[in-house]
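Could you have a look at this structure, given as structure tokens, before my questions?
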Amino acid sequence: MTEQRILSRQNLGPLFERLAADGRRILAPVRHGDRVGFERVTRPDEVALDYVQTRTSAKSAVFPPYEPLLQFALQGKDVQVAEPAPDAAPTVLFGVHPCDAASFATLEAVFTWDTPDLPFESKRANLTIIGLSCTQGDAYCFCTSVGGGPGDPRGSDILLTPIGATHFLAEILTERGQAVARLAGELLEPHRGNGKDAALAQIPPRFDARQLGAKLPALFNHPAAWQEQALRCLGCGACAFVCPTCSCFDITDERDRYHGVRLRCWDSCGLALFTLHASGHNPRTKQSERWRQRVMHKFAYQPERLGVLGCVGCGRCSRACPVDMNLAQHAQQLAETAV
Amino acid sequence: MEALRQRARELLAAGTVQAVLGYAAGSEPDRARPCFVRTAAEADGLIWNEHCRQNLATYLQKPEVRALGRLALVARRSTLRALLQLAAENQLADGRVVALFVADDGAVTELPTLAAIEELVARLPRGLSDADRQELDRIAALPLGERQAYWAGEFARCIKCYACRAACPLCYCARCITEANQPQWIPVSSDPLGNLEWNIARAMHLAGRCVDCGSCSDACPEGIRLDLLNHVLAEEARTQFGAEPGYSVRKDYALASFKPDDKQEYIR
Amino acid sequence: MKLGYFPGCSLESSAREYNESLQAVAPLLDLELCEVPDWNCCGATAAHSLNHKLALALPARTLALAERAGFDELLVPCSACYSRLAATRRDLLANEALRQEITSIIELDYVGSTKVVSVVDVLGRAAPTIRAKASVPFLRKVACYYGCYLTRPASLTTCARPEDPQEMEAIVASAGATPLDWAFKIDCCGAALSVSRTATVAELAGRIVADAAERGAEALVVACPLCHTNLDLRRPAIERHRGVSYALPVLYITQLVGLALGLSERALGLHRHHVPVRFAPGAAAPAAAPKEN
Amino acid sequence: MEFAVSAFEPKLVAFVCNWCTYAGADLTGTSRIKYAPNVRLIRLPCTGRIDFMLLLQAFGKGADGVIVSGCHPGDCHYTAGNFHARRRWTLFRRLLDFVGVDLRRVHFAWVSAAEGAKWAELVNDVKTKIQALGPYDAFPKRLDGRPQPAEVA
Amino acid sequence: MPRIGVFICHCGENIGATVDAAAVAKAAGELPGVVHAVDYKYMCSDPGQNLIKEAIREKKLTGVVVGACSPRMHEPTFRRACAEAGLNAFLCEMANLREHCSWVHEKLPETTEKAIDLVRVMVEKVKRNRPLFPINVPITKTALVLGGGIAGIQAALDIANAGHPVVLVEREASIGGHMAQLSETFPTLDCSQCILTPRMVEVAQHPNIRLYTYSELESLEGFIGNFKAVIRKKARGIDEATCTGCGACIQKCPTKKIPSEFNAHLGHRTAIYVPFPQAVPNKPVIDRAHCTYYRTGKCKLCERVCPTKALRYDQEDLLVEVAVGAVVVATGYEVKGTDFFPEYGYGRYKDVITGLQFERLASASGPTLGAIRRPSDGQVPETVVFIACAGSRDPAKGLHYCSKICCMYTAKHAMLYKHKVHHGRPYVFYMDIRAGGKMYEEFVRRAIEEDQVSYIRGRVSRIYEKNGKLIVKGVDTLLNSRPVEIAADLVVLATAMVPQPDAEALAQKMKISYDGDRFLNEAHPKLRPVEMNTAGIFVAGACQAPKDIPETVAQASGAASKVIGLFSKDELSREPVVAVVNRTAPPLFSTCVGCFLCETACPYQAIEREEIKDRNGNVLKTVARVNQGVCQGCGTCVALCRSKSIDLQGFTNEQVFAELVAL
């Protein structure tokens, strides 16, 4: 169903207006100094289109750092429980790179494999993703090692690829994409046959994630593979919190004297207390075990159980790590380790 | 740098230490990563430049690192201060680490005991960098509303990953206050209150203890200048109570001592 | 050792021999005295009781000049000058606003890096050298007289025990002399009344001379031009007042040290004294070992 | 606008020590001295027990102003608890000010067991001042399931 | 689920007139967890208390909130009532509806609302209360008394007479202290030794007193009721059990010219000696620094003459450990300050002496057998000048404080001198005469009026010797401030009273506090004058502040009565409002990380270190532990603990948070 169109940069403004007129809010990358992050925008001049990577990922659009799962209120001696109103505001996520666009498949696999997760699904169902192919990458990017690429259309409803300085190639990929295209109408001009590959960044593959995934179970009890690498890991949650696919959370109640809310908040397998049992026992006592869990989970467990890779090669974890734990580098080492 | 590698080789070859904890080249030229050198041959990988910033004393509390045996630690001023403060807080036995202090000119001083560290650190220049000083003064000079808005904006980006805590050599609690949930001292969520309370609690818990290494804000993936909070308190503790943490192994915690005539003009 | 030197008015006039003896002794003790260029009166005259700012500005100017010349220490032999300069330094350092006001008056900056020292301070430090170089030990009993300004006020003096100082005793002992325990070493000689009420001076100074003489002192030792004037120049008045004559010379401590170091009486200006500097024969011979006190 | 300010009744939380200020407030009662009813006391044994986090907790729960009070220096029932507390407050105030918390909303006092009148004056004075400042909306509040001022996502 | 009962008191009209008590009870009844809520006219009355007791039994209450007056008023009453009904007393809390609400606010709806708030807060708190039980600490009913002066003697005798064993430690060879050195005592002029020595003998013979002389405290550990003291018994060089105290060794000792400490260096003693004839015990010690045998390896004359062969030259210090339940510190003072005024010539002029030296001159057992003869030439002094405040009350020269006893002993000295040298002329230079005390003012008046002591109000500037006289130069500030000069034969300085030279070290060893002058700090200057801040340690005598004999004895008896009171029970029962360091499952054991920053914050030194070991005895972790016998429950450590590993029972973090949530 892919259709190809051309979108002039000048037409972004009218497009944003039409999206807004349709009741959609727009989340897009915004630059503040050396930092780019997703924020709500109304005009295209607010949007950074030349960024390599945002600090935190776009997953907040469907899986925010904290969100209510239920609310309760005391009425006399009774407790009234209420589901929070689902956040169903139609949203357009504009300008995410293909790696982030791909991450939604992983999140969906986690949040919908069994019991439907209403807070997640209500947001996901109302989200349209207008991706933006990468014309530049950096030393941390490794999408091509995990099955993606700088122009990979998967995950986007519409994928924009810059053509020259003035236009985008717009690939309309899904029914949600079509809906936006209908709103855009004449703003999307006919495709003139420009190739998109020339514009794309070159990201050489460093390892093969599928092969690595197959090999990892054999490395599980191979201390050398983990211990040395994890020795410098400080055990913070930075990698997980900036990761577009990490989906672990903790559940907590907050209350005042009459009201309360049950929240889910991001959590990280890198934190020592993540697996602490009420008994005091902690099955993962060493940081190397936690690091191993992170790698295994992304490259072996999720492919095995959910059929998706837990890594999209965005490189955020490696950029964010205070002590330069480089996931791609370690994955490459593991791939090269003889079993 | 060569002097550092040479000292590392000698210490390892002589068996004085089982590992040298230093810095190696990072993913990119503007990064350096902590590394553990076990053999004299590996010492060639040690580097020393302005990107070698993470305070290595932070690692000493980790059981995996404890298990390595006696360590040599590549150190700058704040690393030495962290070692002394850890010792003052019963967290570091004398002789467990050999500090390899690298001066600005690259000269390496081997400090095998806490007494030697005390002696050297006493002679080093003190105080904030000019850049830190200016930023501190700039924020302090903002009108209250703008100051509040500035920090609300900064804290809004906090994702509670606790990298600041993990990178800090003096945040070694087995259970952080954020993890104490009966009662729940600080909201788990990274909402405005949770982030404000966390950052205030972190700074207060380091008041009179912080050794000004800046590892907290270096580690922050969102680039929040958390270290400024520490600097403000360090300055207050020094001017009000004469607190100079990290210069002695003597336990002298400004918040666990007092003078009858401490300042109190704000108390009516 | 290089020292800034502020002789003050007296040492150029009534106390020339103090200046001469100090200048003669200094090189033997490895001291280089460098007179502060363009120094002025310390203000110990009427100034300090009439105009407070003038009283500070006068010494401050000399201090500032000494500081500008780069001296760590400024030697002030006259006790009155010493007191004025030391007090000024203390007051300016204690009060930043005052310091700024005074330095703007004198149009010279002074931050206090130059300290004020007395002859007793300097000779006290040199005592080991004096002991080593004393070729003609001064084997006589002496009474050390401090007067007022060397020990007062307690907040300014460098004497460890202001009410019972021992610093001069240590110096004269290093030159071979035997310091006596006596009664009046810090009592007033009446210098302030030297011109106006000579009768009072005769009573006050007379007690001093009399007690020293009665205890067998062979010389009074002083470190202040005003004391010297009252005890030496006013001797006839004292003798008239008490009806006794005393052949007790009054030596500047620099003169005593100079004698021990083998300098000539002329070089030390002993001939300028009113009371002749003469001693009973015999004892001064270096035969007997100097008695340690 | 004016009537809106005067209609605002601030919520004040007071952390007090048992031996001096709580007893002082008892004396206010015994002396029948009237004061504003806006204050709620939290009784703790000693000012040394007052964790700085409790003050944040009070604001996070909606207090518009906080009073902290204990024994005068030298009068501490436990000898030195108030001395330790005082150091803690000195640092805490500096930090609060730096991060933009309004110090006009945090009041420290020494009120002895004999100062019943001082307690009443203190409460009335703080109430008047906080009333003039209005509700403390700039301080974030604990999530409680009620609609939040800003959207969560 | 909690079952809380709420009881709202009208207190007659006191609460009821302003607060709608029934409405408060009704509102409380609707609170979650509240199963019973009533109001009543007088809750503290017997019927009121019965309402509570019945409800506890019938409604099976798990917690009680009484909304009434201040807890400082009736908390014990209601807690007792709860306990009587079988509910743990600490599950009862009070909401202060009277002092903090009805009495201070007008009758307005807000006032009733506030009352409801106050009740709700306490309901939320009490839901989180846990049953607490008084802390019982066993008591070792033996007292340690440090110091064998009159303070220590009095305390030891009082405690021993009450039937408790006492360990009395004195560092000198004999008990007696300074009082044994005194001649007569003011204001009665009775002989000091005559009243003291019977007490000394009583100590020696008392079955309950174990006496360690020539001994010092080596270390003290533990807490109230349970101290462990180690006493260093210094080597005397003789076997005390064998020695009969015959004195033959002293007679024969060839080294006779050692200045006698007891005689304040005015007389001499031998190398083997007893400090004074009435010494208790009357067993000599060998002064090894001066003994010929120890210095040269030869002599042993004493061994040759000893009829019982009691000499033990190779004896070594002995460490004795004793378990005690209370300690009385009575280590006394020393006289000092002769160097504050070098111009007075002490040390240079033999006839300038201290007050204590004058005591020895005046004492019948002293070097002159009581005759007032000046040290230089043994002549009877015709003119004696006494200088008061020679070191005290003069921050510029000496000490800032008043030594308190000098006014009186100077008057006494002048009198004693006049009584012994009838034609003598005593002069006293003074600043003020402080003669507060029973018969004290009269005593001074007697000195001035009957014994014609010349009191000169003024300071002495200098003393010098002239023609065999000491010229005392001073000023008479009452006589138009004229300078005065007195040619004296003897000058007596009323030197200051200062703590023992090692007072600071001893205080640190015992972990008790002391002030800037090194005097020990009592727990409260008015209400706890004989207690130290560390529970179980008491203070008596001049080690706490300058004081005279009657005061010292009174304080010693006070300290003794505190000890006796403590020993009157087998166990010490304490309010369980104490701090507790948590313990958790392994491998954490406790969330405490052992930084011990709380240690110095504790005013009571209640923080101890506990080593957590594995089965093989290897230390896994060192964590803090609060000694519940010592903790007073201020909670300073709780607020300081970063990881929230310490909590305060009765005021837990959870309770306080619940209160805040309920507001």
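Labels for the chains are A, B, C, D and E, by order of writing; each one numbers its residues from 1.
We adopt the following convention: contacts are C-beta pairs under 8 Å (C-beta built on N, C-alpha and C of every residue); 3 or more make two chains touch, one makes a residue touch a chain.
All values derive from a computational prediction rather than experimental measurement.
**Q** Counting C-beta pairs in contact, which chain pair has more, A-B or A-D?
**A** A-B
**Q** Compute per-chain Cα centres, compare each with the mean of all protein Cα atoms, and return the closest chain.
**A** B
**Q** Using only Cα atoms to place each chain's centre, name the chain farthest from chain E.
**A** That would be chain A.
**Q** Could you pull out the chain whose C-alpha mean position is farthest off from that of chain D?
**A** The most remote chain is C.
**Q** Roughly how far is chain B from chain D, centre to centre by C-alpha average, rounded to an integer in Å?
**A** 34
**Q** Between chain A and chain C, what's the gap in Å when you average each chain's C-alpha atoms?
**A** 88
**Q** If you average the Cα atoms of chain B and of chain C to get two centres, how far apart are those centres in Å?
**A** 58
**Q** Centroid of chain A to centroid of chain E, CA atoms only: how many Å?
**A** 70
**Q** Could you pull out the residues of chain D that touch at least 2 other chains?
**A** 52, 61, 80, 84, 88, 142-143, 152
**Q** Residues of chain A that contact two or more other chains, please.
**A** Where chain A meets two or more other chains at a single residue, that happens at 66, 254-256, 263, 285.
**Q** Give the residues of chain B that touch two or more other chains, as numbers and ranges in rising order.
**A** Where chain B meets two or more other chains at a single residue, that happens at 175, 177, 184-185, 187, 189, 191, 255-257.
**Q** Which of the chains are touching one another, listed as pairs?
**A** A-B, A-D, A-E, B-D, B-E, C-E, D-E
**Q** For chain B, which residues count as touching chain A in their complex?
**A** 26-28, 31-36, 54, 58-59, 62-65, 157, 159-163, 165-167, 175, 179, 181, 184, 187-191, 215, 218-219, 221-223
**Q** Show which residues of chain A lie in contact with chain B when the two form their complex.
**A** 34-35, 37, 55-56, 65-66, 139-140, 227-228, 230-232, 234-238, 240-242, 250, 252, 254, 263, 265-266, 268, 271, 273, 285-288, 318-320, 322-326, 329
**Q** In their complex, what parts of chain E are in touch with chain A?
**A** Chain E reaches chain A through residues 30-32, 120, 124, 584-588, 661-663.
**Q** In the complex, go through chain E and note every residue touching chain B.
**A** Per the stated touch rule, the residues are 588, 591-601, 622, 640, 642-645, 653-654, 657-658.
**Q** Mind pulling up the chain B residues that touch chain D in the complex?
**A** 139-140, 144-152, 177, 185-187, 189, 191-193, 196-197, 199-201, 203-204, 207-208, 228-229, 232-233, 236-237, 240-241, 254-260, 262-264, 266-268
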